[in-house]
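The letters A, B, C and D name the chains in turn, as written, and every chain counts its residues from 1.
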Amino acid sequence: MYSFKNDYSEGAHPRLLKALSETNFEQAEGYGEDLYTQKAIELIKRKIGNDNVDIHLLSGGTQTNLTAISAFLRPHEAIISASTGHILVHETGAIEATGHKIISVEVKDGKLDTLHIKTVLDSHTDEHMVKPKLVYISNPTEIGSTYTKEELKQINKCCQEHNLLLYMDGARLGSALCSSENDLTLSDLATLVDAFYIGGTKNGALMGEALVICRDSLKEDFRFHMKQKGAMLAKGKILGIQFFELFKDDLYFEMARHANGMADLLRDELTKAGFKFLVHSPSNQIFPILPDQIISDLLKKYAFYEWTKVDANHSAVRLVTSWATKEDEVLAFIEDLKCLL
Amino acid sequence: MYSFKNDYSEGAHPRLLKALSETNFEQAEGYGEDLYTQKAIELIKRKIGNDNVDIHLLSGGTQTNLTAISAFLRPHEAIISASTGHILVHETGAIEATGHKIISVEVKDGKLDTLHIKTVLDSHTDEHMVKPKLVYISNPTEIGSTYTKEELKQINKCCQEHNLLLYMDGARLGSALCSSENDLTLSDLATLVDAFYIGGTKNGALMGEALVICRDSLKEDFRFHMKQKGAMLAKGKILGIQFFELFKDDLYFEMARHANGMADLLRDELTKAGFKFLVHSPSNQIFPILPDQIISDLLKKYAFYEWTKVDANHSAVRLVTSWATKEDEVLAFIEDLKCLL
Amino acid sequence: MYSFKNDYSEGAHPRLLKALSETNFEQAEGYGEDLYTQKAIELIKRKIGNDNVDIHLLSGGTQTNLTAISAFLRPHEAIISASTGHILVHETGAIEATGHKIISVEVKDGKLDTLHIKTVLDSHTDEHMVKPKLVYISNPTEIGSTYTKEELKQINKCCQEHNLLLYMDGARLGSALCSSENDLTLSDLATLVDAFYIGGTKNGALMGEALVICRDSLKEDFRFHMKQKGAMLAKGKILGIQFFELFKDDLYFEMARHANGMADLLRDELTKAGFKFLVHSPSNQIFPILPDQIISDLLKKYAFYEWTKVDANHSAVRLVTSWATKEDEVLAFIEDLKCLL
Amino acid sequence: MYSFKNDYSEGAHPRLLKALSETNFEQAEGYGEDLYTQKAIELIKRKIGNDNVDIHLLSGGTQTNLTAISAFLRPHEAIISASTGHILVHETGAIEATGHKIISVEVKDGKLDTLHIKTVLDSHTDEHMVKPKLVYISNPTEIGSTYTKEELKQINKCCQEHNLLLYMDGARLGSALCSSENDLTLSDLATLVDAFYIGGTKNGALMGEALVICRDSLKEDFRFHMKQKGAMLAKGKILGIQFFELFKDDLYFEMARHANGMADLLRDELTKAGFKFLVHSPSNQIFPILPDQIISDLLKKYAFYEWTKVDANHSAVRLVTSWATKEDEVLAFIEDLKCLL
């Protein structure tokens, strides 16, 4: 049974494991103050083309989101998020557990726009309601859609006008930046958002997310927050070693391109076969709409999530590819699917 | 420069890295629902000799402490801890950040006893004060001392009589259980405390702590708390694989014995050389009192922490050994020390 | 300018002020342990016809909601509320500040039903999402609608089946229980919900809410929570004296009936005059839809909230009556309105 | 039985009750936006002689402390307090419940000094510990001692040098400022501390504390925090009316002087009778050391707290006087005491 359930089924890219092995017996400072972490941070700054950012390495997405957002906000300040936002739905109230309300906005394609933001601002007018302060977006979104540079510029402008912070969840940022429709760079992000993270867990690391804090006022004392939230590994070097390896030869992007390539292959073949999709998603998650009978047949050989019923006889499924997805398996899947038509 | 600063300077035992490599491309369920994690849990249950415990794998000590303690307590309930307790001093208020007060008790050797506990209970009498509910101990303590079975029985009895929970921080549990003075087993712990964790980070894992919940009433919904606190790795299998490897041939204890052996060697030689110690510590941390001049000379070749001034010309230092400590370096350290006398 | 903006514009019923004056120099125990508070609690228990409830007197609605709900829930547990719920919209994230997510359900008339609840349960299936645990309803709702006994029985049954707690916000409970459509008694509430409060602030007290905890498992240590949240007045007797006065001759219900009577008068006359209402609200808040020109003329002599635009030329306004509303002013308002037609 | 247990046994000064009655039927804006509250705030600003402060009226001391301190701090920041501090001991962990650690400093007389503060700073050096940020003092302290202007200047200087906030709990501020040893004015406080409150509950109000925020950076959005913590009364005018009355003819200070006068009388007579005191306390709380037999005889006619055993046959008791303490009862107490000698 081959799995298209997610992009964290396998371990790490072998080069990362090799680097961990090779450096294993070097004694290093703890808690991210080692040389590998420093080298990784310098390298990422160079990739971003901006020295005036602070970078911290954390272990996972929920951890990064809750640590960053709770560090950035005062108690009465709230987050604006699309109704599909990961922090809103799939993090077991991690943000609320730090005391902050998330204001949900219904959106069609997982993406927030300035109109959504302004509607929230218009309805939050006094101290009897929370104060919207941070706009949370993901790129790609939880349903695979991506932001263009122009869209992000508009949101950035809106945030600046209304004194809002803009935070980008980049759990799958590699896939977004390597998507065929992407026109954003890491450098752009550093100028257009106040903080974002570069996801490692879902793109070839054992675990690890690199949080990039761009706005000066958010930088102070961030390591205190990491420690307080249990987000500072004693052996911080294992994050540093991995991120250094991910970025030193652009392995990170190479893996994301592979993941996207596999998704493209699936998307193209499914399109050719006449299938529609639940949402336009140019990244490594696709949501084809299939007859229920075919879904149930495919599930005998492949693992993937049934996402939502579409009509009496059809459902959308979620297929996720990754750095580790094998082209053979993708082709086999397509072949099997064709046989079922 | 060789470091005796701590027991997390190196990476992981090579067998763990090997196991990670060998299983790297196996697709696994996420979030700790994979087979390796299940196997590790079954194995640890067998080592404990008790099937009626719940075991969860988390990434680090502060994370484990804050997730467990906040899951176990109601908002008005407080923790009793020795004044040297790790949660009280060195976790940046992680417990308080979840809403709970820690009541500090001055102790001499890092160890709580029933008298300490009763004194706290006697002074907390009504709803204008927090309600003491959980006793936090570490074994070994933050200053290397260890609990005997009889001491733990007394504390357990006191907790039962007063309806208190007993939680043991086992960041260095391997070292405690393999100490020459130890008479406790994992099985004993499962009957004498309500929850404890078996520390991996400080005993040969890349990261990882195995939390063992013994009391039934504390087990419900624990995975919700892990997720909410950002303590559930997407690639949970990397913890499962490591803990399976740690326990399948008792590698965990073998490493702890090595760490203790290296500490014993240092302790013996320092004793022979006429030095005193700040505290009696039969585990892998020792605190010899040395002339300041000798300390400053040793620091040219070795890294370690100066712990506290003892008098005008002497200080206690902390020397920590680990699974990775090289006997050659220990011997060289002793040799260098002798030359300075 | 006469105000129909809310039901807390005036002070307290003169009998309450008189009672405060008469008892002013009696020395009493602090923090709600005085005899007046005990007498008030006994009296309310008698009115409820149930001795097996715990009653606590707090100062305000938001305070009562946040203290009770945070005391009742574990960290990962969430609240289900109508999208119009006061805790969701108008309490500045007070509940989230205690760490809990509120799950919003879109409803038409401010009222939750079992279908709403089940839909939430169906979509919260694992530990990656919060665990719905407490159903929050208000009677009357924030838009004046009320629950029938049958509706409440259905919700109670649903909560029991799914192990949910049922909490009723009774900020305006007097108005609900005295509404012409009401078939519920205080006794019914004590058997149908797990906790509710009897609002004093909006029905003739200077301030004060009587929280009634019906479910045994929610009672323990509640005073600790009150103290921790700053919800325990040193001079607790001023709440006891007021609640004793409110209930000793059913002044509480007498005042609520007056408030409702004034609302009925407005509703009847507006209906006769041909106006429609935004929502069916048999309590002391009504939401007539008026031409914008008439609204703006009325606002020259009367204070009230414009609630929402209905079409290009019409808006719904909110008119609130209270124990202190003067019939003369109601009649004058109606007269003025008629003149504008 | 006459009580010297505390200063909140009675209700309010009759002039406050009268003012509440006289304004009872005036319709006012809710939530502290009424004219009485505005007038009270203007009046207090005039008494302080400083227009550049923000003033908010809250209901009680614990509520004021938790709302202010949690609004002023970021999550990793901690409070420095004397070990006897009210927030540390007698508020059921209210501050910790908002996420912040309180660092306890052992002091002899309830008073912090700069040496205490520096010792805390010296031991909190990195991100593995909380960051001390706010110094909490009470004037008078919980054991009746008071600060001089010079002492406060020293603390202020130390706080400025180390970028710390200085907060004064003024639950009994009237008594401190009217003490025979006092050389501080409200104006001094506004320049020497960053925020303080003027306690009403313990000096003749039904309830109410006036929080004065002096430092500009702490002012923003404070009303959001009040609402979020349940600290904003719907009928805010009842606080405004009381504080206006308290300050319009200096009734506040007149009452405090009476309370102090009664304590002075007790202190003088006890001194003359040869008794010693546990602590030097020039305010309205005194702690004479009496033979246990006499204490037990006195307790037959008077209520007061036994504070602490001093030796085998003696204990310190706490006698508290207030605005409402009757001179006759004080004289009777002294007479009764003399008869027991």
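Everything below uses one rule, namely that a contact is a pair of C-beta atoms (placed from the backbone, for glycine too) under 8 Å apart; a residue touches a chain by one contact, two chains touch by 3 or more.
What you see is a predicted model; the values in this text were computed from it and never measured.
Participant: Return the chains shared as contacts by chain A and chain D, ordered by label.
Facilitator: B, C
Participant: Using mean Cα positions as chain centres, tell me which chain lies farthest from chain B.
Facilitator: C
Participant: Using CA atom averages as chain centres, what separation in Å is found between chain A and chain C?
Facilitator: The computed centroid separation for chain A versus chain C comes out at 43 Å.
Participant: Find the geometric centre of each of chain C and chain D from their Cα atoms only, then give the gap between the two centres in Å, rounded to an integer.
Facilitator: 34
Participant: Which positions in chain B are in touch with at least two other chains?
Facilitator: 75-76, 91-93, 97-99, 127-128, 130, 224, 227-228
Participant: Quick check on the complex: what are the chain A residues that touch chain D?
Facilitator: My answer: residues 31, 70-71, 74-76, 98-99, 127-128, 130-131, 221, 223-228, 232.
Participant: If you look only at chain B, which of its residues touch chain A in the complex?
Facilitator: On the chain B side, the touching residues are 2-3, 5-6, 8-12, 14, 17, 20-21, 23-30, 59-67, 91-94, 97, 201-202, 206-207, 224, 227-235, 237-238, 303, 324.
Participant: Given the complex with chain C, which residues does chain A contribute to the contact?
Facilitator: It comes out as residues 75-76, 78, 89-93, 96-102, 104, 127-130.
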